[in-house]
Each structure stands twice: as C-alpha cells, then as structure tokens.
Amino acid sequence: MPRTRQLLDTLSVSFRPQVSSERLAAAIDAMLECEEAVTACAAAMVGEDDVRELHDAIIRDLNCSDTVATTRRLISRGSDAALLSAQLEACVIACEHSAELCAEHANHHEHCRICSQATLRCAEACRQILHRLHG
Amino acid sequence: MPRTRQLLDTLSVSFRPQVSSERLAAAIDAMLECEEAVTACAAAMVGEDDVRELHDAIIRDLNCSDTVATTRRLISRGSDAALLSAQLEACVIACEHSAELCAEHANHHEHCRICSQATLRCAEACRQILHRLHG
Amino acid sequence: MPRTRQLLDTLSVSFRPQVSSERLAAAIDAMLECEEAVTACAAAMVGEDDVRELHDAIIRDLNCSDTVATTRRLISRGSDAALLSAQLEACVIACEHSAELCAEHANHHEHCRICSQATLRCAEACRQILHRLHG
Amino acid sequence: MPRTRQLLDTLSVSFRPQVSSERLAAAIDAMLECEEAVTACAAAMVGEDDVRELHDAIIRDLNCSDTVATTRRLISRGSDAALLSAQLEACVIACEHSAELCAEHANHHEHCRICSQATLRCAEACRQILHRLHG
C-alpha cells in the first residue's frame, strides 16, 4: 500500500541506515497480507471435510499468524537489531513451515493455495531484511 | 488489496448473505492499514519531544491496535453475528477515540495525521458492516 | 496471583473509584487463565479424532482467546469507560459462546471441561466489572 | 497456577519427552505474569512525569508483551521444536532487554520494579525450556 511507505517516511526507526523505507514498507505489506491469509485459511481448514488430514497445517497457520503479527509490530516500532533479528528468524521459520503444508493442499483448497503464496512472500521479505541487518 | 477479495471468495463465512465479500474485503483492508498505522504512530509519539502532551493519544492508539486486530480476526473466521456485532461496536469506539486525539496533533506530527485518517476509515468500514448485520 | 494485585496497586487507572483493585486483579487473573485455556484447548481439539464435530467449538475458542487478550490489555492500561464497557460486552459473549460448546464436549475431552470452566469464570469476572462501570 | 498444570496434563504436546509438564506449566505461568506486567508497566510509564527518560523502556515493554504472548501461544499449541526454539530465543532477548531498562527505573517507579522481576523470571523459564529442547 502506498500509505505504508508514506507512514514509514514519517518515522525515524533505528535500522533505517541498513534497510530502505521502500524495503521496509514492502515487508510490512507482505506481513499484513500474510497475517490475514493464515488467519482466514486456518479457520477455513477447520471447516473442511478433510480436516483430519489438515491438523498440522492448521496449527502452523495459527502459529504463523501470531508470529508474523509480533514481528510486524516490532518492525513498526523501530526496535533494536538484536531482538528484531531473532524475531525475524522465528518469523521466517513460521512462514516456511506454514507454506510447506498449505502448498500440499493447494490443489484441493483454494484458500491453502492463496495462503501458501502469502507466507512464501512474507518469508522472502523477512529474509531480505535479515540479510541487510546482518550484512 | 485485490488478494483480500480473492481470499474471501474462497471462504464460506456465515454473514455472507448480509455483507458482500467486496465490502468485507474493503473492511479487512481498512483494518490492516489501521493496525499498522496506530502501532507505528504510538511508538513514534513515545519518542516525540512533546510526549507529555500525548499520553492519552498513545494509550488510545495502543488500545486501537489490539481492538482492531481482534475484530479483524473474528471477521476473517466468519464468526457468529452476536459476537461480531459486539466486537465491531468496541472497534468503532476504539477507532473514533484514537482518531479524535491524533487529529489534534495532526498539524505537528505527520504520523498522527496519517493515523487519524486510517482510524477514521476503519471506523467507517466497521459501521458499514454493523449496519448490514443489524439491518 | 498476589503479584497481579501488587502490580495494580502501583497504577492509577481511571476506573478505580468504581472498581476495587481486588476485583480488577481477580478479573485479570481470570482472563490470563482463560486466555491460556482456550488457546491450548483449541489446539488440542484440532488433533482429536472427532474434530469434525468440534468445528464451531474450535472457532469459538480461537475468538475467545483474542477477545479476552484485548480486553485484558485495555483493562491493564486503565482505558476509558466507554471503550472498556463495549469491549467487556464483547468479551462476555466470546466467553459464554466458548463455554457453551466446550461444555458439550466436557465429558469426553478433559481439556474442554477445564476450558469451559475457565471461560465461565472469565465471563463472570467481566460481568462484575461491567456491573460496577455502569452502576 | 495449579490449573495450568492440570490443563497441560490433558494435552499431548510434541516436546513432552524433553520438557516435563511441570516445567512447561511453570514457564506458561511466568509468561502470563510477564505479559500482564509489561503491558501495565508500559501504560503506566507513558503517564509518568519523567516519560521523556522512559522512551526506550516503554518500547521494550511493548515489544516484550507481544513477543511473550506469541511464544506462550506457540508453546500451548505444542508446536514443533524448530519454530519453538527460534521463538524462545527471541523471547529471552525481549525479556532481558525489557528487564534491563525497567531495572534502571525500579527505584522511583514501583511498576518498573515489579515488571523487571517478572521479565527476568520469564527469561529464565524460557532458557530452561530452550536448554532442554537443545539438550
């Protein structure tokens, strides 16, 4: 969203030198989209006829939702690099684990297909920030 | 985001008959933007020179962030109308209270200006859904 | 927890005159216990053999978890009575709805039994505060 | 709380072999207490006369609140060890960072004293679980 970039430009977050506000805004947008996708997908899976095969995918989506939300809040507050790095590492794992299982169900559940794409984009955006924080 | 609409069309949420997925997607997008704006604005206000004048605005932004996040999750899960209505009522108040104070600081803090607009849009989107749930 | 009471006594929250810190501390403890019970119970239900019969109970537990967490944060920040009342109303509904369904499964799932008791205690604690806010 | 232990004994979480339910229950209780303490302390600091000296402590409390809440939810869902380890690492940092600054203000703000103790206990409980997950 153009407004995410506009908002970030009004802030003075501590990791600015290493990470451009364009990249941050893109990451935040990927996170927002991911939070919504995993929340909706988890609830939809709970109602599917094959829910017994979806157990792990549901738990991973729920975990991903909380992990991404916390990571986004930390980024938005301009948190210190040590905490942010650790939280981003957890976020990448949460997104990849969620994507892995939803991708297996993407053929028969459209919400899983959309969700697995959103979590992969979010994981990639987090890795981009991590790379710059460590670089 | 077009993807929010695409995601919602894969779900079978219980209030569909009264609320179109277009309107729901617009509300969810307004909520996501609001969640991000109030989180970033609250943190930015904590670092301002006039933070002592911003006490109530900071608390209202923090409250708004949590209230909107919960409301969006309930909507995304296709929750029952009784709970959703009550949570939407709280959400409208949280957004209006946040907007009221950030608007007072919009002239000297750009993040407050952006935030007050985001909370007003979110309040309006929630009222639209409430109106249809009750109608 | 005695520490909750000790913590509250260091704060100057706006609804103190109507609600004693003893009652507030008891409500916060009931909420903390409820948040944990519904989160764990929802995840446990997802893994049960009869998960297909538990759909609505899972969604209600997830909703309850988010709603109670937000309500507790608002209370802990000493928020204004208008927002707090609306959020408490939503919280009571979320807890009652969750308790209603978990009670139906209390005989064959011990986590549902514990969860339904925790949500009922939380609903009652919230009603007590609501009663005093309005009284 | 005895009920936390009682609840955990009804679940079949994946890291049980390495981590006893006693230790898990103790960690969850430490997290619940920590979540409440940092949320209330952050809001109280925003209202203090010396709020301009408390900027970093407020942000760290807010970050700690979200990080601990997410970590607790992951533990309560019996999540896989890889994600849980990464999230626990972030949680320890969030708690230690919060404790570090609140300890500096413990002499003149009682809520900071209580908060710094709660975050230290939470960090220690998380390290105990991490140690066993890796051991």
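To keep things simple, chains are lettered A, B, C and D as they appear, and every chain counts its residues starting from 1.
One rule holds in what follows: a contact is a pair of C-beta atoms (placed from the backbone, for glycine too) under 8 Å apart; a residue touches a chain by one contact, two chains touch by 3 or more.
Treat the numbers as computed from the prediction; the structure is a model and nothing was measured.
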Co-neighbours of chain C and chain B - touch as defined: A, D
Equivalent interface positions on chain C and chain D, same or different at half: same
Between B-D and A-B, the pair with more C-beta contacts: A-B
Euclidean distance of C-alpha centroids - chain A vs chain D, Å: 22
Chain centre separation in whole Å, for chain B relative to chain A (CA means): 20
Whole-Å gap between the CA centroids of chain B and chain D: 28
Shared interface positions of chain D, touching two or more other chains: 43, 47, 59, 62, 69, 73, 77-78
Touch-based graph of the chains, sorted into line, ring, star, complete or other: complete
Chain A residues within the chain C interface of the complex: 42-43, 46-47, 49, 51-52, 55, 58-59, 62
Residues of chain B touching chain A in the complex: 1, 3-4, 6-8, 10-12, 28, 32-33, 35-37, 39-41, 43-44, 47, 65, 69, 72-73, 76-78, 109-111, 114-115, 118
Chain D partner contacts - residues on chain A that touch it in the complex: 59, 62-63, 66-67, 69-70, 73-74, 77-80, 82-83, 86-87, 89-90, 93-94, 97
